[in-house]
């Protein structure tokens, strides 16, 4: 047994932690989120230079071909910084879909640009709910002489407003589900921003008779839902790592506050109730960290791990939500003021909990994996 | 034992429910909240015509001299509508302070205008935290030849930016605490809006050598904290009633969604997990409603009820927060979209939990009342 | 609105509280529970003299024909004393079945003796689970020339080992369910005690070709499940009152301990964590008390109240369990020692939670009543 | 990173799991617990032959000198089997005290016999509460010409009634605390069994002018509390492993029940509420398992890990208690019947939670380690 990161992983952790702490404070995060794009394209480019968009991209496609363990290291720091942008949807989720299921043609067409930070991809796989189920596939695909016509509408598509490449799930007339690749800007695409609590650039993506050539399908035709499920399960580990990182910052903020802020002449951290809150925060953080490392390690090892993956996303969501609620308790009214930044983590916790399936969804997946 | 409202109370309930359902939907609420004032002065005037600002004002001062039971009836509907504005701080909290502790001079000077909806008052009683304790009094008062000079700064003062009258707690050089009445617009007052999660017009109120005449003290000099505590305890019942009303709407929204929204061809309300969530919401709502009615009834009866008051605010805060979290679970991503309006209740729950002392604060008050 | 008990109810409360505090301490409770009967027949007789077995029995049948409010008053004191015995199954549940559904014949045959404390009745309505559903009816009834033959086995029948009268639910060949009255001692009956965590005299009641005359059916033939459901709903209010009483004693025990026991030279009740536990106990107790009073009042008023009844049993079960867990936290190892008596309330909480349907069962009933 | 056990650890796991599953079922456990000794001396001897009492004993003293990781493997299986006896107090806690703090004299005198299963030791370190604090040291030590005289009384001393060697904490007149070794049977010792909920052979150990020679002190004189704290922290990892094992069995019992037991013609495991309960059980189990492995690994590596140790015991206690409560929900009335055996795990959870400091205690230790 060995619970340490190896030398390269440790270096990546140090480098990414430094990068974000130097270049990105919470005020800048708020400013970036308030822009149309919703993120800093400048930072995006710098991350490209550091090779971070290519962590999960095979070497042959211009990436570094590392494992989910390295991605978890990076995602923790992104989450800790509350760094906004399409990293998760493009450099993680879309990359997993392409790297593991696409044929050479699509990999070569898309992955090098994505690894270089020059192409942003996103995925539209569920319709008007956050329920990640085959029955919720948002688009219908009709065969034509020369290819396909797609119609339908999906809510909650991250960063569709700036994505270069759209990967969408559509159901054909025979009921089979396939993934299609669409270039932004094609006729019939319309994108509208959703005002959500998290101000996290979720969009409505409507396809109105969008014409696609025959070779637009990513991976085996009809295998779309299996591909999505496989990628969602793995992407959920990276999302969990992001949450663990966010939880760490939220906890540090509250503990720092508890050490400094005084009441009746004592730091509030000397009160038993506050001490218990802080201890509980660290307990939630540590347990979420461990289930996340375990899931990342199992994925990196290529082992079957449906139970561990469902536990990872489910528990990390719960733990992050509970942790942030405790941070709010410790910080009182101060945590309530926007400039403190705690609200960024609160929103991140809510948005992440719903991403790739809620805690309820993961409990059901887990029950299935347990044979129930 | 009789748990029904009487005829007049029932009429008030029907009238206020009708009023808000006809005049105020959640889109308008959002619009009003986005204005500088933060509320609809037109609605405010209509409420004045209906006599609602004067519910707690003695008849001799132009009010209707009703009890906390009637105010609870009204506050529930205000909370249910998520109706924003200074009603709580002016027509409830400030009114209680004046009606129960001020001498005839201040009552006559302020209450008739407040009952008529022509004067808005607010209270600044705590400094830079939400901890409601004598030690947190925000201002310092210095005797001068002709009166007083006040200095200091308070965070979280509701609607200070539009209030005509400011009631502030200040500590004199001898350590005693008194309440002072200040007219808006006087030299040395500055008000700044705080960006909070709830966008509920909390302000920073800074007093910089504000000169006041000798008769500016409300109630017995040196008795300020006792007066505040007494009024806060009673006002907390009305705040709880507001929360109960908000909880009712949030629950109804989620239950309606559960009945209509389908998944796999069934309404999601037919799934056991959703049914349990709905049952738990109603259980939280009902228990919070009953502790609130009991507290309102005891206050109306003039009985000692420190335990019941602390339970009321503490449990209602907890129950409302839990209820809204369940509503979010039921509504999934849809509850996340701003136009649904659920977020208004989420914010209301957070803001109300901190108002007049957090759940922690009320647990301690309760432990005290239990003799611990 | 009036939340006080009336004069007679208050007298009954005082009288019953005195009775149990004088005659029954926790050591005696433990001793009685360890006997074969499992209760004190001497106390049972004294309660008969006080008229308590007849509270719900109509006056014409020798009872006092009082309402569920009076029964709730009494049941609270029984629960507070952890007083063991068949009071709930005979003087409440069986009495409700008979008083509300039986024809004059059965009422006259059984109720006067039950009111006088000379006859003990019990009910066997579910099979091998605690799920209270028509599908779980334990016995099969077959028509014969002269009457019926019953077969089957039920677990968890309280005090079947000493009951004079057994009321059992059986399904006829046509699928209809009826209630049958059986005299103890008849051929084919066998009773075996179950070793349960609560040592509360639950039994297995096996019927092996038990012959019954035609007039053995209680109430309208085929209406058995409706009668049971109606009586279970009302009986659940009395069971909730019992739990509220038990919760009160458990809390008092822990609060008393917190005031007296010292650690580091201070009473442990001066520590914030213990104060919060105590405050939370009282909050659970108060909310459970109020939902119980409301349900009892609605039943006494004869109003429809399916929602309130389901909330009452569901929340009181939850609140009692949480309260006892907190009492254990406060008392530490001391609460762990049997002679302290806290374990009696822990067991009572567990047994009561399962009686007449678990919290899950009541959540489902509530969801149904909400239209889901 | 590597989360697998190594070959030897895996072998130990397989061997111990087989041993307990072949030799010890829950009926036998109940029978052993009901004897005076409270455990099977025959099984004890067999475990000695397998070398298990010597896992933590240095090789030079006849043990195998393995690490906390191996002990965690073994303790999990002991917990899973609900195997009763003084293994924890003798072969873990006392062994740690001796192996890490005693001089060669005491090690040679005691450890070989303990490793061989021929000597049972136990520890009396706290007085009349479960609060593990220096201030709670139960005995007073007075210097005499030739040695020491000890007086005092401790509650909750495990298996003191059969222990050969008693290690007790006593405070000298100068306030310093030392550990003393006492042979059973010496004048002035009296032991009485405590009736606790867990029937786990906790005793009252009274010392009445017990005379000890000068060399009775274990480790550096005056260093008693530090030695105890160090050993308690490590022993808490093994106790956590025991709890993790117990949690596994309780979960398996409930999941098995959910798969087999039918309601309305479906296995109850097909109901969503039961599925969620099962998923939550596994989530608690997995998170507790991981924090336990991490703590065991850090101890085995000899690293500082105060935070991780406090998290380990605190969270494992919480998780085990929650898991068993869910198992009770799933099993309903059946979990309530003693022969099912679930109650053994419930009791184990309660007893283990209090052993070596409650969850509250560990939260405080954690807050301290966090710098609060």
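Labels A, B, C and D are assigned to the chains in the order they are written; within every chain, residues are numbered from 1.
Basically, contacts are C-beta pairs under 8 Å (C-beta built on N, C-alpha and C of every residue); 3 or more make two chains touch, one makes a residue touch a chain.
Computed from a predicted structure; not experimentally measured.
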Larger contact count among A-B and B-C belongs to B-C
Scan B-D, A-B or A-C for the interface that duplicates C-D, counting it as a duplicate when over half of the contact pairs agree by residue number. A-B
Just how far, in Å, is the C-alpha centre of chain D from the one of chain B? 52
Could you grab the centroid distance between chain B and chain C? Build each centroid from C-alpha atoms only and quote it in angstrom. 42
Shared-contact residues (touching 2 or more other chains) in chain A: 272-273, 276, 360
If we count contacts the way the header does, which residues on chain C are in touch with chain A in the complex? 271-273, 276
What residues of chain C sit close enough to touch chain B in their complex? 1-6, 9, 69, 255, 258-259, 269-270, 272, 274-276, 278-280, 282-283, 286-287, 290-291, 293-294, 297-298, 307-308, 310-311, 314-315, 360, 362-364, 366-367, 370-372
For the complex, give me every residue of chain D touching chain C. 128-131, 133, 135-136, 155-156, 194-198, 261, 263-264, 273, 328-329, 332-334, 336-339, 343, 346, 350-351, 354, 358, 360
